[in-house]
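In what comes next, chain A is part of two complexes: it sits with chain B in the first one and with chain C in the second one.
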Partner chain A sequence: MIPAIQRPTLTDIRWLLVSLGLVMALHVAHLALWVSAAIVMLGLWRYAIAIGKLDFPRLMILLPLTVLGGLGIMLTYHGLFGRDASVALLVIMLSLKLMETNSRRDFMLLTFLSYFLTTTAFLFNQSVVVGLVMLLPIICLTATLVGISHPNGSLGWRHPLRLSGIMLAQAAPVMLALFLLFPRVPGPLWGVPQDSYRGMTGLSDSMEPGNISQLSLSGAIAFRAEFKGEIPKLSQLYWRGPVLWHFDGRSWRMSSNRLNLPREMLRVQGAPTLYSVTLEPHNRNILLMLDMPTSLPSNALLTRDYQVQSREPVRTRIRYDVSSNLNYTLAARLDGHERELALQTIDGENPRAQALAEQWVSSGKSPEQIVQTALTMFREQPFSYTLSPPLLGANPIDDFLFNTRSGFCEHYASSFTYLMRAAGIPARVVTGYQGGEVNSVGNYLIVRQSDAHAWSEVWLEGRGWTRVDPTAAVSPLRIESGIAAALPESNALPILSRRDFPLLRKLYLSWDAVNNNWNQWVLGYDQQRQLDLLSRLAGNRLSWQDLTIGMMLAVGVIGLAIGLAMLRGKQIKTDKLQRLYAKFLSKLESAGIKRASHEGPLDFGQRAAARLPHKAQAISQISGLYADLRYGSKASAQALERLRNLIKGFKAS
Partner chain B sequence: MHHITQKIIQAAGQVILGKEQQIRLALACILARGHLLIEDLPGMGKTTLAHTLAQVLGLDFRRIQFTSDLLPADILGVSVYDRNNSVFKFHPGPVFTNVLLADEVNRATPKTQSALLEVMEEGQVTLEGETRPLPKPFFVIATQNPTHHIGTFPLPESQLDRFLMRIQLGYPDADSERSLLKSNGGRGSISGLQACVDGRQLLELQQAVDAIHISDALLDYLQALLNYTRNSPRYTAGLSPRAGLALKQCAQAWAMMQGRDFALPEDVQAVLPGVAGHRLQTASGTDMHDVAAELLAAVTIP
Partner chain C sequence: MAYALRLPDWKNLLRTARPSSAPAKLGRRYIYILPTRYGLMYAVVLIGMLVGAINYTLSLGFVLTFLLAALGNVAMLHTWRNLANLTITTGRMEPVFVGEDARFELIATDHSGRPRYAIAAHIADQAPAYADIAAFGQVKLLLTRPAKRRGWQQAGKITFFTEFPLGLFHAWSYVELDCRCLVYPHPAMPGLAVPSASAEGSTGAAESTGGDDDFAGLRTYQFGDSSRRVDWKASSREQGLMTKQFQGEAKLSLWLDWQLTPGHNVEQRISQLTRWVIDAHTANHNYGLRLPGVELPPANNDGHYHACLEALAILDTK
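== the complex of A and B ==
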C-alpha cells in the first residue's frame, strides 16, 4: 500500500528552488540577461507564494506570461530551434511551470526536467570542471526528490543531503559500467546543433595582416600532440596548415581546388616521427600535421601541396594517429603552370620592393644567395617583432619593408614571399602552428592558438620546395622557445602562455594533463576505443553485435536478479526501522534477554526493563519510540533519527 | 478519553473486587459496540458485573431471566387490543433499554434465543410489520452457565459469533474474597454507585474508538493470526472475517483505554482470548484461554 503523502512542504519548496537555482546558474553564462532576470523574479515570486505572502497567479496572468516568454526567446535568438534558443526556452518554461507547481506530481516533473536541463550544460562545454560543477545541482535535485518522496513530510537539510550523496555514490559504479559497456553509436559523445559552432577560433583559408596576430591573443588550445618517443625540438615543429598561393595586394589566399591534382613528389629520409593529435573543433576542414605527412588520418584528404584536410568541418574533438618525416625533399620539379602561380605578383604595386628584388637579381646572385640576402636584411636592419604592428598604407609590402619595419609573422612571411616572387623565385606562404608547449606532467605537447604562425616556402632548383622562416631571422627566440619568450613584456599575451609564475604554470600544466586525459578517455571514448578496450579485456576481437548481445544478456540477468530479490523481499520485509529494532534486540540478546517472536514491543520492553532495572528507562524509551514509529500514525524522520541515536547509545551490559 | 475509561474501571472495581482485567475487557467490548457474553458458574458475580457496568455508564438497565418457557414476546413486547380506543397498542418488552442483561441465556429455547440474537444484530425490533428502533446505545450482556449443566440449550457457533466477546470471571483471589465476605456481598452498593458518563458521552467514546490508528504493520499481524487459525489443523474452523473485524475493534478500544491513539500487537493480544475464545473450535476441545495462548504463541509478530 502506498502511504498517503502530504502536499510538498515549505522545506520541499526551498529545496526545489535551491536546486533550480543551481541548475540555472550552470546556464547563466549563455542566457540572455532578461532570461536570467526573469528566472530570478519567478523564483522569488514562487517563494513569496510558499510563505503565504502572495497567491498563485491565475491562468489569465500565467498564459500571457508564457506566450510573452516564448516570443521573447524567438526575438532574442531568432527562432525557437537550435541549442541556445532551446535551452533558453526550456529554462524560461521551467521557471513558469514553477508558478503552478503545488502537488507532488508537479514537483517530480520539475525535478526530472531539471535533471535534463543540467545535462544540457554539456552542449555548451564538456570540460571536467563543468562535469564536476554539475554534481552540485544533481546532488541537490536528488535531495529534493528524497524530501518530496518522504511520506512524513519535513525532513530538514542534512538528512536528504546525506541520503542523496549515498544514493549517488551507489549509482556511480553502475554509471561507470554503463559508460564503459553500453554499446556506442559512432559519433561524438555530445553531438550539438549547428549554432554552437559560432565563435570557434582557428586558422582560416586566407591570411592578411593582422589575422594571425589576432589569433595569437587567444590562449585557447588548438590541439594537443603526443609523441611516440622523444618530442622533437620546438624549432623543428612546423604544423602545416593552409598553403597560400594567391596574393591580391593585401591578403594571401589558397589557390583554387588543388585536391584533384597529382601530389608533389615527396622524398623522405630517416625514420618517421610517430605521434597522435587531439584536435579541438574549429569548424574548418583543416587537419594539422607536422611537415611532411607520411601517413594520413583515416578519411582524410591530401592536397597537391600537402595540406591535410578532413571531409567534414571539424566540429567535435577528434584524435588521429599519424606519422610525419621531418627530413624531406618536396617536388624536385615544378611545372610551368605552378611556376606561374608561384611567381604571381601585382604589377605597379609595391614598387620599392620590386626594385629591391630586381636589384638583387641584376647583381648576379643565385636564388640561394637572394634568399640569404633577404634574411640578412631582416636580421640586420632594425626590424622588430611585435603583436601590435602599426597600420600599413596603400602599398603594404613597401610600407612594411621600408617604413614601419615592425610586424608579426604574417608580415614577414608575406613580404618575404613577395620579395622572392619579385626576384623570380617561386614562393608560397604556409600558415599553421609553430612549436607548442611541452607539458612535462603528461609528456605531451600543447599547441595553442597563440602558436599560430606563417612562414614561406621557396622553390629552389634541385632542392624543391624549401621552408624558409623569415620570422626566425628577426626573432630566433620565437621559433626556439615560443611566442612568450619572443615578445617584449609589454605585449599582452594570454596569461597562460606567459612564462612568469612558475608555480602557477606547474599547476596549470597538471590541470591541462587532467583535461587531456578527460578528453582522451571520457569524451574521446568512442565506439572504436570501447571495442578496443573490451576486446583487450575479453582477449579476442569483439564486434558491436557481440556487445549488443552481451548487453541484452546482462540486462536480462540483472532484471531477473532484481525480480527475484523483490519476490524474496516480500517474505522478509525488513525496513530501516525493523533493522534498527533488530539491532536493539540483538544487544539485549547478548545480555541474555531474548524476545519471543510473538512478544509485542511494549511487553518485551517491560520484561527486559524488569531484568535490567538500571537500564529500565532507556529500554522503555526505545520500546515506546519503536512502537510509536511502527504502529503509530505520526511517524517522522526526526523520530527515526532519535531512535537511531538511542539505540546506538544503548548498552545492555 | 483515557481518564474517563480509567474512572469507569475504578468505579466498577469498587463493587467487583479483584476482577479488573474482566472489567476492562467488558468495557472494551462495550466501547467497541459489541455485545458481551459472560460465561461462568452460578454465583460468580456475572449479574453483578453487568449491573455495575450499566450503573457506572449511567445507562437504562433491564434484566430478563431466561427460562425454558420464555417466549420471544416476553423479550420484544406485545400488541394488546385497547378496548377503549379500539386499536392495538404496543407494549414494549424489556429489550427497549440501553443495557439488557440476559441472564442464563442458554436456558431459553432456541426460538427465544434467536429472537434476542436478531435484535442484537439489528438494533431494532420488527413486530407485525412495524419496525421500532431500540435506544442508543444498546447492548446486551448475556450470562451463560457452562454448557454441560443440566437444562441448557447451548448457543450454536453461529450465534456465539454475534457476541463480540466472551469472558469468564473465575473465582476471586484470597484478598478479594476476604473483602467480599466482610462486606455484604457487594450487591447493596451498586445502587450507591455514581454514573461516570451518560449515554451521549458513551457514544462519543465509541466514536473515538473508531479513530484509533491501525497501522499496516498491525494489520499484517491481524492477518497473520487469522490465517494461522484457518490453515492450522488444530482448529476445526478458522476465524471468520467478522471475527477479524471484532479483533480489530476490540484492539482499538483496548488501545484507547491504554491512553494511546494507535493500536499495538499487545492490544490485540490482550483482547484475543475474549474475542477468539468462543469462536474457535479446537479439535481436542481445550479451554478458551489455552486456545488463545496457543494461538498467540504460534504466530510471530511481523
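== the complex of A and C ==
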C-alpha cells in the first residue's frame, strides 16, 4: 500500500507544542502573567483537539479571542509597538494561530515564526546561559520540520530529533565561519523602541541623599577593566563620573552645558596607566575612566571638568582602550566665574554648618588646615557609615552633621563639599565608582553598581583641584578594601559582594571570567573587533570587501567538505567469508564464467563445473563448503581456513 | 489579434534519465533542486532576523541567524542526497479498463546504504505516491494515470521528487522507462444479451437456457460483472464483492463475431464485444472471438479472457 499525503500526525502536533512551549519559556520572565497563562491554556486546548477530546474552535470564537488578546496587550503594555508589547503580541498571536493549525503549511509557518520569536529573546538577555538554552527550542523546532516534511505517516519522535541534531551539528562550522567573517554593520539601522533599554541601572547625572546607597544594593556589574601591567592599588582607583557643581539644598547637579568656559589645564607626571574598559549598557552618556583621563575612547567627548562622555547613550556593551595618569595636577589657576560656581551655597539654609565653617575661617586656618579639620571631625566624632541612613529634615546638611551622623558616601561628600564652600574654599562633588574586585581567575577588575561612590574635589592654591574623600576618614576600609569590608554583614549588600563562602566566591569568579570572555568575544564582536582580529590573523589591514570574499570562500570550502563527507556512499559491509567467495567468483569470471544474480552457490557451482570439467572437483568442493559455512549450522574457524586454502590454490584456467 | 505570451516550458529543457534498458539510476546529472515556497519563506524570515540582529546589535541574533542559514544549506545537501543514486526499475503492470486508472508499478532501490524518506513519484499532474526506502532496500511505488483510450498506454515521463528532511528544498528527477499498461476497451452497458451458443459460427437469437437456476458458487467480482449477479448479501457481511456463478452456463459454446456485432461505429462495436466477453466469461460459457484479422477459438479460462480483451484493446481497424 502506498501512503499518500496525510494530515500532520499526533507526533507532529506534540513536536510542535513542545517546541513552541520551549520558545515561549525563553520569554516567560518578561511576559505579563495573564499572557503566560493564556499560552498554557491555548497549548492545552490544542492538545485536547489533537487527541480528539475537543473540536477546532470556530472563527466566531477565535476572532473575539484575537481581538481580546490584542486589547489586553494594549492595556497591559500601554501600546502595541514597544519591545515588550511587540513580543507579547507575537507570542499571543502565535498561540492563537495554533488553534487553527492543522495543515502542513500552517505547521511550517508556525515553525518559522517560532525561529523568529527565539531571536527576540535576545533583546532581553544575551548571557551564556541563554545562548546555550536557545539550542533546545531550535533543535525541537527543526525536529518538527523534519516530522512535517515526511507526509507519508509518522517518523516517530526519536528519528526527527536525531536528524535535527545531526543537521545542526553539520551546520555549526558554516555558522562559525559566517559569524567570524560576515561583515558587521554597526547598528542601529533605524530607531529602536524606547522601552528596549528600560531597567538598566547606573549612575545618574545628579546626586541626592539616598540614590547612591540605593545603587549600592545592586550586585549588577557596571563594567570590567583589564589593565596592561599591574592593577593599581584599590585605594587609587577612582572611576570618574559626573562632576556636580550646582547645589539646590538637597541635590547636586552638573553645571550647565551652555557655560562657555575653557577646559581646565591638566599636567601629568610619570607613566600613564593603560587599560581597557568593557562597560555594561546603562542608557546614559557617561563613560567611566580613572582620574585623570589622558587618552579618550574614539568618538568620545571630554567636558571642561574632565568627564568623559559618549555622543549616544550607551545602550549596548562597549569596550574602549584608554589610558589615564594617576599622578596629576588639574587647573593650577581658577578663573573668577569658575570660582563663583564652586562657591555657590544657599543663603539662610543650614545655619549651623555655615557657622562652623565661618568659625574655622575666623580662627585663621589656611585652606589646607580647614580641609584637615573637617576630615578630623568626621574621623573623631561619632560618624558612622551605613547603607540605610535615617531620613534627613529640612536642613539636610545641618541635620546630618549635627544630628543623625550616619550616612553613606553621598552624605559625606555632600556635607564636606558644603562645609568647604561655606569656608570659602572652591569645592565640587564627583560621583563615579571606587575600587572594584580583582578577579584572579581572569586577572581583571570587576566593578559593580555596589562600588558606586561620591567624593569631593577642593581647589587649593598651587595644587589645583585636589581629590578629598571624606568617606575615607569615616571608613578607611571602604576605600582600601571595598564596600564589603566596610559594612557590617547585617547590611543588605548583594550576596556576591560579601566575603563569606570562599568556595562559592571562587566558583562565582570563574563563572564571571567565562562571562567576561563571552562578552568580549561573542557579544562584543563588533565591526571594530572583527576587523582588528582578522587583520591580526591575516597580517595586514583588511577591508570589508576582503571579509566578504573570505566569507564566501570559507563557506564554500566548508560546505563542499561537508557535502563530500555526506555523499560518500556506504560500502556494503562484508564478512571474511563473503570476501573469500568473491575472490573465487572473480577467478571464475576471468575464465568467462559469471554468476547470474539469481544463481545460488550450489547451482552456480554445478554450472561452473560443467563448463570446466577438469576443475569440477575443486569447484564443487569450494561451493559446497561455502554453502555449508554460509547457511549451515556447523561453521568453524578450521572450515573457514580450509576454504581459504582451497580458494587460494584454485586456478580457473 | 492578440497573441498570448507563451514561454517555452523550461522544464522540458531539463535532462531526463532515459535508459535504453531498465534500471534507471537517478545519477547526479539528472537531479535538479530548487527552494520550495517554504524555503523562500524561511529565507525571508532569516533576512528579518538578520536585519533585527544588526539593528539591535544582537550578537546572539547573528549566531542564530547564521546557524539557521547554515542549516538551510545542510538541508539542501540532505534533500539532494535523499534522492541521489536511487535505482528505478519497472514492476508488473496489470491491465485496466478505459475509465479506470492505468497503474504503473515502479520499484525504487537504494544501493548507497542510506535510508531514504518521503520519496515521491508521479506521472504528469497526478497525485504523487510516497514511500520510504530502507538502506539497501527497495520499495514498490504504484503510479496511476487515468486510462482514457484503449490500447497500450505509456507511463511517459515520470517525476521522482523529495522535500525531506526540512521541506525547504524540492529535489526532482525525470525518468522515462519502457513502462506501459494495457488498457482494455470500455465495456458497453449491460443489456444486450450474449449471442447464444449454436453450431458453427452462427449467432442466433439470445436464447436463455434457464441455467440461471443452478447456482454453482461465488467468485470475486470483476469489473463489468452484472450488478444483478453480485452477491449483495455476501458484501453486506463485508466479505467483499462476489459474483454468483451458475451451473447451466458452463456448457454453452458460442462465437462473438465482429461482423455480427451491432453498433454505429468501431468503438461501439468494440465496447459491445468487450461487454459480451465479460458476460460470457462470467457466465462460464465457452466463447470464441472473431475480429478482423484475429480469431481466438472458443475456450473458457482466465488466459483466454485476457487474450480476448487484449485483442479488443489493440484492435486496429484502419
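The working rule: the second predicted complex is superposed on the first by the 530 of 653 C-alpha atoms of A that agree within 3 Å, B and C clash if a C-alpha of one lies under 4 Å from a C-alpha of the other, contacts with A are read in each partner's own complex, and residues count from 1 in each chain.
Everything that follows uses one rule, which is that a residue touches a chain if its C-beta (ideal position, glycine included) is under 8 Å from a C-beta of that chain, and two chains touch if they have at least 3 such contacts.
On a predicted model such as this, the values are computed, not experimentally measured, just so you know.
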Figure out whether A:G632 sits in contact with chain B (first) or chain C (second), or with both, or with neither.
first
Touch check for A:S149: first (chain B), second (chain C), both, or neither?
second
Is A:L178 touching the first partner chain B, the second partner chain C, both, or neither of them?
second
Does chain A have more residues touched by chain B or by chain C?
C
Is A:G131 contacted by the first partner chain B, the second partner chain C, both or neither?
second
Just to be sure I read the superposition right, which of the two partners does A:S213 touch: chain B = first, chain C = second, or both, or neither?
neither
Is A:T118 touching anything from chain B or chain C once the two structures are fitted on A? First, second, both or neither.
second
Report for A:S597: first if it touches chain B alone, second if chain C alone, otherwise both or neither.
first
Counting contacts the way the document defines them, which residues of chain A are shared by the two interfaces, the one with chain B and the one with chain C?
none
Write out the stretch or stretches of chain B touching chain A in their complex.
213, 215-218, 261-266, 269, 296-302
Given the complex, residues on chain A that touch chain B span 1, 573, 596-603, 627-628, 630-633
Would you tell me which residues of chain C are touching chain A in their complex?
38, 41-42, 45, 48-49, 51-71, 73-75, 77-78, 81, 84-85, 111-114, 117-118, 127-132, 135-136, 140-142, 163-167
Seen from chain A, its contact residues with chain C in the complex are 2-5, 104-105, 108-109, 112-113, 115-116, 118-120, 122-123, 126, 130-131, 134, 138, 142, 145-146, 148-152, 155, 163, 167-168, 170-175, 178-179, 182, 184-190, 192, 196, 316, 522-526, 555, 559, 562-563, 566-567, 569-572
